[in-house]
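In the two complexes that follow, subunit A is the common piece, with subunit B as its partner first and subunit C second.
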Partner chain A sequence: MQSLILTTATRLLVALLLVFSIYALLRGHNLPGGGFIGGLIGATGFILYVIATSVSDARSALRADPANIAMLGVGIAAFSGIMGAFAGDAFLTGQWLFLFAAEGEKGLPLSSVLVFDVGVYLAVFGGILTLVFAMEEEI
Partner chain B sequence: MSWILVNPILIPLVTAVLAYLFRTSPAGRWISVAGTVVLLFASLIMMGEVLEHGVIAGQMSNWQAPFGITLVADYLGGVMVVITAITAMATVIYTLAEIPERLERLGFHALLQVLVAAVCGAFLTGDLFNLYVWFEVMLISSFGLLVLGGSKEQLDGGIKYVTLNLVSTIMFLSGIGLLYGITGTLNMADLHLAVREVENTGLLTTIAVMFMVAFGVKAALFPLFFWLPASYHTPPVAVSAIFAGLLTKVGVYALIRSFTLIFDQDVAFTHTILLWLAVATMVTGVLGAAAMNDFRRILSFHIISQIGYMVLGLALFTPLGLVGAVFYLVHHIIVKANLFFVAGVAKRIGGSTDLSRLGGLYAHAPVLAFLFLIPAFSLAGFPPLSGFWAKYVVVKAALDLEMWFVAGVSLAVGLLTIYSMTKIWGAAFWPKHPDGIKPRLGDLPAGERVALMAPIVGLAVLTCIIGLFPEPFVHFAETSAEQLLDPTAYVTTVLGVQP
Partner chain C sequence: MADDYPKVDRVMGGASGWFSIALPAVLFLYFLGLVPQIAEAPQVRGIEWVPSLGIGLSVLLDGLSLTFALLITGIGTAVTLYSARYLGQHPDYPRFVAYLMMFMVGMLGLVLAGNLISLFVFWEVTTIASYLLIGFNADSAKSRRSALQALLVTGTGGLILLAGMIVLGTVAGSFELVDILSQGDMLREHPWYLAILLLFLAGAFTKSAQVPFHFWLPNAMAAPTPVSAYLHSATMVKGGVYLLARMNPGLGGTEAWFWILTLFGGVTAVFASVMALRQTDIKQVLAYTTLMALGTLTMFIGAGTHYAIMAAMLFLVVHSLYKAALFLMIGIVDHATGTRETGVLGGLSKAMPLTGLAAALAAVSMAGIPPMVGFIGKEFMYKAGLGLGGFGAIWVTVMIFAASVMMFVVAGIVAWKPFRGELRETPHAAHEGPWPMLAGPLGLGALSLIFGLFPGVLAHYFVGPATHAVFGEVREVHLYLWGGINMALILSLLTFLAGWLMYRRHEAIRHRLIRIEQGSRVNFDAGWDRVLDGLKALAAWQTRLIQTGNLQTYMAVIFASFTVLVGTTFLLRGGMGSGINYEADGVHPIQWTVLALIAMGAILATITSSRMTAVAALGVVGIGVALIFIMFSAPDVAITQLLVEVLVVVLVALVMLRLPHLPVRSASGFRAGHAAIAAAFGILSTLVMIAVLQTPFDRRLTDFFEIASWPEAHGRNIVNVILVDFRATDTFGEIVVVVMAAVGAYALLRGAPGAKPTPEDEEPVQVAAADKGEKV
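Our next item is the complex of A and B:
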């Protein structure tokens, strides 16, 4: 479908959606949000791009094969679970690193929970796009 | 403890990721083979722990039960994981000679490994919602395997498969919702205690029947089995074999687990339904098989008929009945996967799975004929093979309860099983090939011959071992039946307190 309004608006919206998807991913740490919904929002951006242009354009804009992204996501999520082993904890136990922590100050808390969320984000993002690209190409 | 329990899920999952990233090079398929070997070792280590402690449990991410996700392995769960690993290894070796590079490039091995991970997850989880998740993962990956390559026939089978299974999923999820509504927990061990506090037992029985329908579809119980014969003959043989071996058994396992651990307060009602469903399943399955004229279709209908025996063992709800159910479960996975492997080799050298277009296998491939007879006789229940003991125990359990009719039907079904095995023998092995082909194993390239025959020989040897030395296996099944009927150890291990 060729529509000047859609293609012009898409340029703006895709960037916004992708930024918002990262925001949702990071927000999910303590508030509603997270990897799953973030991945869905991110995929929406590229789906919009497919509708406005074509699958081949969207594929080249994405650069990587979406199925590879999805499997990488599964790998990252599995790895974040394995991180618990290094500390001798159970599978998927959250591992925390407090950067610049001082007396009475938590500093910047980094955790394997976030790594897991990033894995989920990539798995959902890649999985949805694999399906959508395949269906659009069939039609 | 928890890592020993996670390994059987984690190993195939990591293998899937690696196999997918290397899917375009030969390395991918060897990663897949190596993954299943590691899985077998991990599951044996886990089994060793189970034999030592009885029941082992691990709390994922350190959230204590009943709030976190618990992985549990008792005798039944443990042996199912071991047998899954064996079947997975046999299948992956078989695929080396069967799956074309085209399918490997599409990610065949990754899907197969995800399926194995999901099956292991379903056997190990101690949480109903987690079980639902594993069922979904299993459904998605098996649908992918069914339609991969995308021939018209495959899509036809795949759509029927996924549609009917989605109905089961909806039933399962609604049942979970209702159960959570009245008990406030989904941890299976906690549920065992919580359902005793429920006052509205009528609703509880309704929920039990919903679970029965949901798992009944998965297990291919009468009258919910239509998806199975519609789809199992379409994909590559290795895929049919692992489906035939494992998928329906996950349904049976879920039935056994939920109707011993959770829904055991109205046995007179629920287990009577199960009893008659089991009888109907046995009969329709074996009659369906008698009407078929294709190697793989006959075998597909026989899965249904054999599912009847396992559910019968559960429905009798006596220690001996459950011993039979557990023994049957293990025996059937080995034998059925093996028969599908044989069908695959027959197709490879004889050119078809249609019985009217096969022949001459006995004259030109006597080794294959012999290797067909072992699982075929075992399926029909000939002594001294594993199937004899499995059938014997189930029938004995029925006779002990003086259910003459049920026992008689299961014996008659055994007889009819022999009939369809002789039909395959009489059409594919004995007469000359209608097209004059001489199906010889020797005509296959040496590497492929090894990859095709090794799993068949290995599984046949297992059948013989179980058949000739049944003592330790029966004893094992007795212990797991005790654990199922008295889940105190299970509950204590999971919750960490005396109930």
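Our next item is the complex of A and C:
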């Protein structure tokens, strides 16, 4: 299935969707979004790319095997949980670091929670693409 | 087996070899340093692990656990030193060391654990390590089968034991051994006592290979010889005995305890010692004598008097010393001559004098001849047996007499016959073993002699404290070589006489036993195969019954059972009661429009004959639901719903595009049935939702998250804060499921149909059996 309009639009849309997915991931803690939604949006972008071009193009655009991305996501999520252990907390207890914090100003919040959300993002993203790529290739 | 693998050039097993020798040696010295302290007073140390469940990594150090720890590390040092030479050039030697160290840690944890649950975890570690070690020669179908058999028998027993531990912990109100063992009187009176006892015994009897679960132990001799010497004589199989001894203050001392343990133990001891005479492979002979020792220990722990416990603890040490030495010795003989058959070996003392010396020291102790410690062990067993009252005294004494006579004969078969007379022709020319292999058996043999000459050391530091720990109260323990002329001594002399007479005729006895065995229809090993086959047949049958492979059937069953189960509960609990308001007031016209869209989508999905239309119609339903989420201010849920809905439509469409165009099954009965299920499900869900929403809403959790989200988790989006912080463990589980599902689907799509494992050519029948077992 080759459609000139779809192919052309996809080039713009994929980039947009990927940027938007990361935006959704990062804003998730205070506004609608988060790793799960972000991962779904990112996966949608690549699925669009698969439909417009082919799986092999999508694979080479992605560079890494989606199954590996998914595994990496689970690993990152697990690691974010272990970070709590260094502070003597239970598994997956959020660890926070406020960079440039001043009086009355929280500064830039960095946390193991965000690392966990990145893991969720990658796991969902990679998991869905693993499935879609395999379906497209095998059926 | 010693020579038929490509050798790797390593001195004493290389780095892993040295590590494996150093670790148990250092631990041994450490535990040895604790001996004087522990002989005075037991100690409990530990850290909390899962405090909310009362599970801790506490360590219970008393005479019993310390004696075991010293046996584990001491014999461990001898065995690792031996293996570094025996297997050090094997390509997989580092893997072997890893398994062996894993076993050692598990075994130490098992005997030192002060908490039932951590004891169970270590118990299972030893089971798994044993599986890996028995199956170390994974190329051989026989060792794979033996490994699996040992795993399944001891693993099943372990699960039963876990059930017993949970019941016991609940009854006693604690999983700490110290707390449990101090409540012995309460436990023995408790109505669940018998259940707890039987569950514990199932675990202990499978681990310690009591009849009728004994068959896995002789098969486990497929493991390399150092493993047999370590796991299957001195340590792991004694795990069950350890458990019995450990639980004695809490569960022991009842009629049931006495009779079950003495009967099973006695039968095991005599059955095993008879079977030992029937074998020709010396390693098999030793395996059966190990069974005999385990039976004896069980019997004396069951007998439960102070003397009996003391005899058991003494025999525990005695047996570990001589049995490990004998296993290591036969390994040297096997290594040097290429055979372990009694009929072939002879006159080895000329070629292998030091091996012969080690064999002699160990075997004299095994036969119970003074001045070895084995003699003291046998004397005290007789005294303990005679000291029991009534029928128990007769039973235990007769059993121990029969077993001791046959031990005398076996000692002759394994350590006298192969070494005396003319040097016989063997596959390799016999030669003396290297020092790392001799050090262990000679050292252990020497200890048997030293403890025999100085029994006071043994009594004061090991047997005494261990007896106190098992018996539960402190009493004087006095061991001696010469106790004057008494009944036990007379029985000992009778044992020697009977043993000597039997030894002279042991060839004839063996032939007789082989004939009896061939005529017998009782074969535990074959019975095991039948049990496994039955289990597999059952699994296949129920899979065929439930897993039809038809998606429509699955869906119909799932929704129908949901409707029936929830519907019944709903009606019985008064869900249709009078207090429920079914009026739909306050619904906005826009909401009505969305509801109408959803309903239309649903109806279209059921009546259309095109798959594509059905998928799109379902998409309409899903997006309508997402709209409703937006209307009720749940943007996160709505976005997720929308994205998932789009993805589902895309995925299903991808699949549908490639499926052949099948006519929709439109038999009217079939469709009517599905329509009924769907309608009932929909109506029920609606009714349940209406009823549920009219109960007062518990806002405690909502309030908590609203208040805590910003100050504690620094986030304003409560849904996401719950997902990634408050309940992050759930989310972690979910993403693991997502990835597993994706990988599973990937494997299903990629899996080449018709790919079969390549059959092996050796031992075809057993290969088939073993393969089937492993694939399940």
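By definition in this document, the second predicted complex is superposed on the first by the 139 of 139 C-alpha atoms of A that agree within 3 Å, B and C clash if a C-alpha of one lies under 4 Å from a C-alpha of the other, contacts with A are read in each partner's own complex, and residues count from 1 in each chain.
Everything that follows uses one rule, which is that a contact is a pair of C-beta atoms (placed from the backbone, for glycine too) under 8 Å apart; a residue touches a chain by one contact, two chains touch by 3 or more.
Worth saying up front: this structure is predicted, and the values here are computed from it rather than measured.
Enquirer: Between subunit B and subunit C, point out the one touching more subunit A residues.
Expert: On the superposition, C touches more of the residues of subunit A.
Enquirer: Mind working out whether A:57 is in touch with subunit B, subunit C, both or neither, as first, second, both or neither?
Expert: neither
Enquirer: When the two structures are overlaid on chain A, which partner does A:94 contact: first (subunit B), second (subunit C), both, or neither?
Expert: A:94 contacts both subunit B and subunit C.
Enquirer: Answer with first, second, both or neither: which of subunit B and subunit C does A:78 touch in the superposed model?
Expert: A:78 sits against subunit B and subunit C alike.
Enquirer: Tell me the contact category for A:29 with respect to subunit B and subunit C: first, second, both or neither.
Expert: In the superposed model, A:29 contacts subunit C only, not subunit B.
Enquirer: Per the contact definition in the header, classify A:68: touching subunit B only (first), subunit C only (second), both, or neither.
Expert: Only subunit B; A:68 stays clear of subunit C.
Enquirer: I'd like to check the shared interface: which positions of subunit A are touched by both subunit B and subunit C across the two complexes?
Expert: In the superposed arrangement, which is not itself an observed complex, subunit A uses residues 67, 71, 74, 78, 81, 91-92, 94 for both subunit B and subunit C.
Enquirer: Could you list, by residue number, the parts of subunit B that touch subunit A in their complex?
Expert: Going by the criterion above, the answer is residues 2-3, 6, 10, 13-14, 16-17, 20-21, 58-62, 107, 110.
Enquirer: Given the complex with subunit B, which residues does subunit A contribute to the contact?
Expert: 67-68, 71-72, 74-75, 78, 81-82, 84-85, 89-94
Enquirer: Would you tell me which residues of subunit A are touching subunit C in their complex?
Expert: On the subunit A side, the touching residues are 24, 28-37, 40-41, 43-44, 47, 51, 67, 70-71, 73-74, 77-78, 81, 91-92, 94, 96, 106, 109, 111, 113, 116-117, 119-120, 123-124, 126-128, 130-132, 134-139.
Enquirer: In the complex of these two chains, what residues of subunit C are touching subunit A?
Expert: So the residues of subunit C in touch with subunit A come to 635-636, 639-640, 643-644, 646-647, 650-651, 654-655, 658, 713-717, 719-721, 723-725, 728-729, 731-732, 735-736, 738-739, 741-743, 745-746, 749-750.
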